[in-house]
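In what follows, a structure is listed as structure tokens, so that the remarks can point back to it.
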């Protein structure tokens, strides 16, 4: 074979090669490029600006239905109430009052309204209280020292409050009562750096509103409740080692520690 | 007018020459073109789908493109290592070889620009980075310096090679004032392109792995190892496939450059490793990830140890008299190139991003598409270099000159070419 | 490409193929054409993925000048054009403005690490407010779960997903753009597509950014995000209150980041991450106003900034209550 023939052959085979490549391109023979996986949409609750609870004070101010707070449907007005104390000196909350305290939770802060809440049951048929709800007990102060009702409520007028100095307050004025013990925190709140201030940072352009203590803290168990965290980040490309996102369900999170109140 | 016509004839003849040859030549350029097409196709996909189809992420926001870019800037800078002996030490042996080195620089810079181009999210807005037209953040941004030095270096080398080759073609003696000053500017410029590229990384205070004064010197040392090594290999290929005479002494001059540079390179690497690991402060995380793996992530560990092995073996061969045998020298060059490519590419760019400034570890693996684009650019560069050599060898040999011009101009005989074709 | 041999060749050619006359020329011509045609076909086919491209940028967009060089009328045209593009894409006419910094205002953010419980609501409120891409996911805020007793971010967990937060023994540190006074990202941008405004917000002109991602590499807080593909935002989730330098939908291939909700804060409102925070850990305001909340915090709390040693002078402060 002389060199010229070889050249022709080379050129011919290269031409064929290019045409094959062209067909390959058209048919996308080596596949579509790998496009990162779709990220599931986040729950609507993740962007809900509601505070974690809706206090009696908020309810009264909003002119809502306060019939659940009618103490004197059962109690006799003007008559002292015996506090049922346990052996350790801690107040035992009657079962029918748990509901009263829980009912002020702002469900929509955590639960998506469009989705039914899934209730889990244990083997004995009892509802398993989710971690986020386990703090719903009467727990106020170190060693629950502030559990006794009449530290705050007026003994014979439960819908009113009384400060240590004997000043009577309506339910809607509870912040002043809290201030009696939580001085430094109240000081921070006063200047607007404890608790959320919403609306406008610029007073010339609009108003700002401040949350009351009870908008976030249950006065009966003021520790800020634990929450279900919104979903974590999704990496652009799946990594070989799965992130801790799919945590082992057997691995129970340790009971949470409150950011302690003062 | 006549001068322009003459120049066009010169260009036309050179181009015609570049596109013709015997079957082996066609096979070679066909092979390279094949890879260029694959790369082009992969880039078309990337252009449509975005950089999401690369392995890069917000965590590791630069990958093989910038790694190759960094390596090739070094290769381009190293062309100067042929220039210095010729123009400063008057080593006439290497005189014509300078042109081969500078042509390599031209091809390397074009590859650099291509690698940066494919890395851009908005290549259509490239004009924003043009001085005068867009908004050029000079002197604030080191990247704007890089734009200037790289393009300047490209122009300098095109000018020097083009002028010398055209003078030779015309049978004139080149006017010294018209190129010697540029040669000396080019020497400084070559150092600057690599220093500025190092400063791209060094200047980032938030990336302790890069924020080290030794990175600049390391860049220069590794460039002056890998660049001349690549030129040694290129010269050997030229020697084999053309009848252009390249004396062994020329190769050994380059060998001594590679030898010294490799020793310095390894020495500087040891300095860096010592500082990182002996101090043992928090900033060691990236180096740990690179050399030992971090929290079970060790994607780069095999790479860097391969690189270190390559560099050390190359260094041993180079310092031994063994490398006076061309075969061993070739091996040492190949090892040095591979070692430095890994060390400066994947080994420098990627660990700078791992862990992220917020301590997250997301590893990086280039995707097939990204790899095809990189191969495509390398093929394009080699194709250009092949064309450049194809044009320049017969000019330097006197085969392609004004004297061989025909009245009709542009056409050449295949026989003329045979001097430059394999035999 | 070839022609008959001429006697002007300086050296006698080495032996090999014999060329003679027109026949070879014709054959050469034919094979050269075949090679050329195949190459052209190859190039054309290689470019075939471009048929999936949803349009090149318009001439107006391509030629648009840098933000700071646009006259008022030109800016209005640009806003009109972008509003049209958004309407076409998402079916809603946005309220798109180019809000300028206010005089005598410098924004500062303060975050109370004692209060933050790591619920990540800020992350998602930010995504919703700022029209960030949902898939692939772009989030400006990253919440770090940190073991108590350290500030070493390398010991942080970004992907924590317990049944409830906070977890014992940990605190949570949300990180977003720190709006540095000495911003490395601005310094390194080769085309001045990002700059610091007089109110301290570092902004990006999404129509000028070339997508080199140098700023991403430069940021010590990992605050910048790149649009690796075209952002996807569900139509019904679009926030129509938009600002040019803020939350208008971004094109593919440009960098974005937290801009302190420019479309809200330059209209006097608090940013979205603050408004959603259930614990009130986030505080924002004008540091030049001595009566602002952030002024009080900087004066009275023991604040610190992240990575002070890198000299970026952040406008984002962390503090602990106790």
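Per-chain residue numbering starts at 1, and chain names A, B and C are given in the order in which the chains are listed.
Everything below uses one rule, namely that contacts are C-beta pairs under 8 Å (C-beta built on N, C-alpha and C of every residue); 3 or more make two chains touch, one makes a residue touch a chain.
Model, not experiment: these values are computed from the prediction.
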Quiz prompt | Chain pair with the higher count of C-beta pairs in contact (B-C, A-B) | solution = B-C
Practice problem: Averaging each chain's C-alpha atoms to get its centre, pick out the one most distant from chain A. | Solution: B
Quiz item: Using the average of all C-alpha atoms in each chain as its centre, how far is it in Å between chain A and chain C?
Solution: 30
Quiz prompt | Separation of mean Cα positions, chain B and chain A [Å, integer] | solution = 56
Quiz item: Hey, how far is the Cα centre of chain B from the one of chain C, in Å?
Solution: 31
Quiz item: Considering chain A alone, which of its residues make contact with at least two other chains?
Solution: 3, 7, 11, 14, 17-18, 21, 25, 35-36, 236
Quiz prompt | Shared-contact residues (touching 2 or more other chains) in chain C | solution = 16-17, 19, 35, 39, 42, 45-46, 48-49, 136, 142, 158, 228-229
Quiz item: On chain B, where are the residues touching two or more other chains?
Solution: 22, 26, 30, 33, 37-38, 41, 45, 49, 52-53, 57-59
Quiz prompt | Sites on chain C touched by chain B in the complex | solution = 1-6, 8-11, 13-14, 16-17, 19, 35, 39, 42-43, 45-50, 52-53, 56-57, 62, 66, 136, 142, 144, 152-156, 158, 175, 184, 187-193, 208-214, 216-222, 224-230, 251-255, 307, 310-312
Practice problem: Could you please specify the touching residues of chain B with respect to chain C in the complex? | Solution: 16, 19-20, 22, 26, 30, 33, 37-38, 40-41, 44-45, 47-54, 56-59, 61-62, 116, 119-126, 128-129, 134-137, 140-144, 147, 200, 203-207, 243, 282, 285, 352-353, 355-360, 398-399, 401, 403-404, 406, 408, 411-416, 418-419, 421, 423
Self-check item: chain B to chain A touching residues, read off their complex
Solution: 22-24, 26-27, 30, 33-34, 37-38, 41, 45-46, 49, 52-53, 55, 57-59, 296-297, 362-363, 367-369
Quiz item: Which of the residues in chain C end up touching chain A in this complex?
Solution: 16-19, 24, 27, 31-32, 34-35, 37-39, 41-42, 44-46, 48-49, 102, 105, 110, 112, 114-115, 117-121, 123-125, 127-128, 134-137, 139, 142, 157-169, 228-229, 234, 265, 267-270, 274-280, 282-286, 292-293, 296-297, 301, 321-322
Practice problem: Sort out for me which residues of chain A touch chain C in the complex. | Solution: 2-4, 7-8, 11-12, 14-19, 21-26, 28, 35-36, 38-39, 41-42, 46-49, 51-52, 109, 130-132, 188, 191-202, 204-206, 208, 211, 216, 224, 226-234, 236, 243-247, 252-257, 259-260, 262
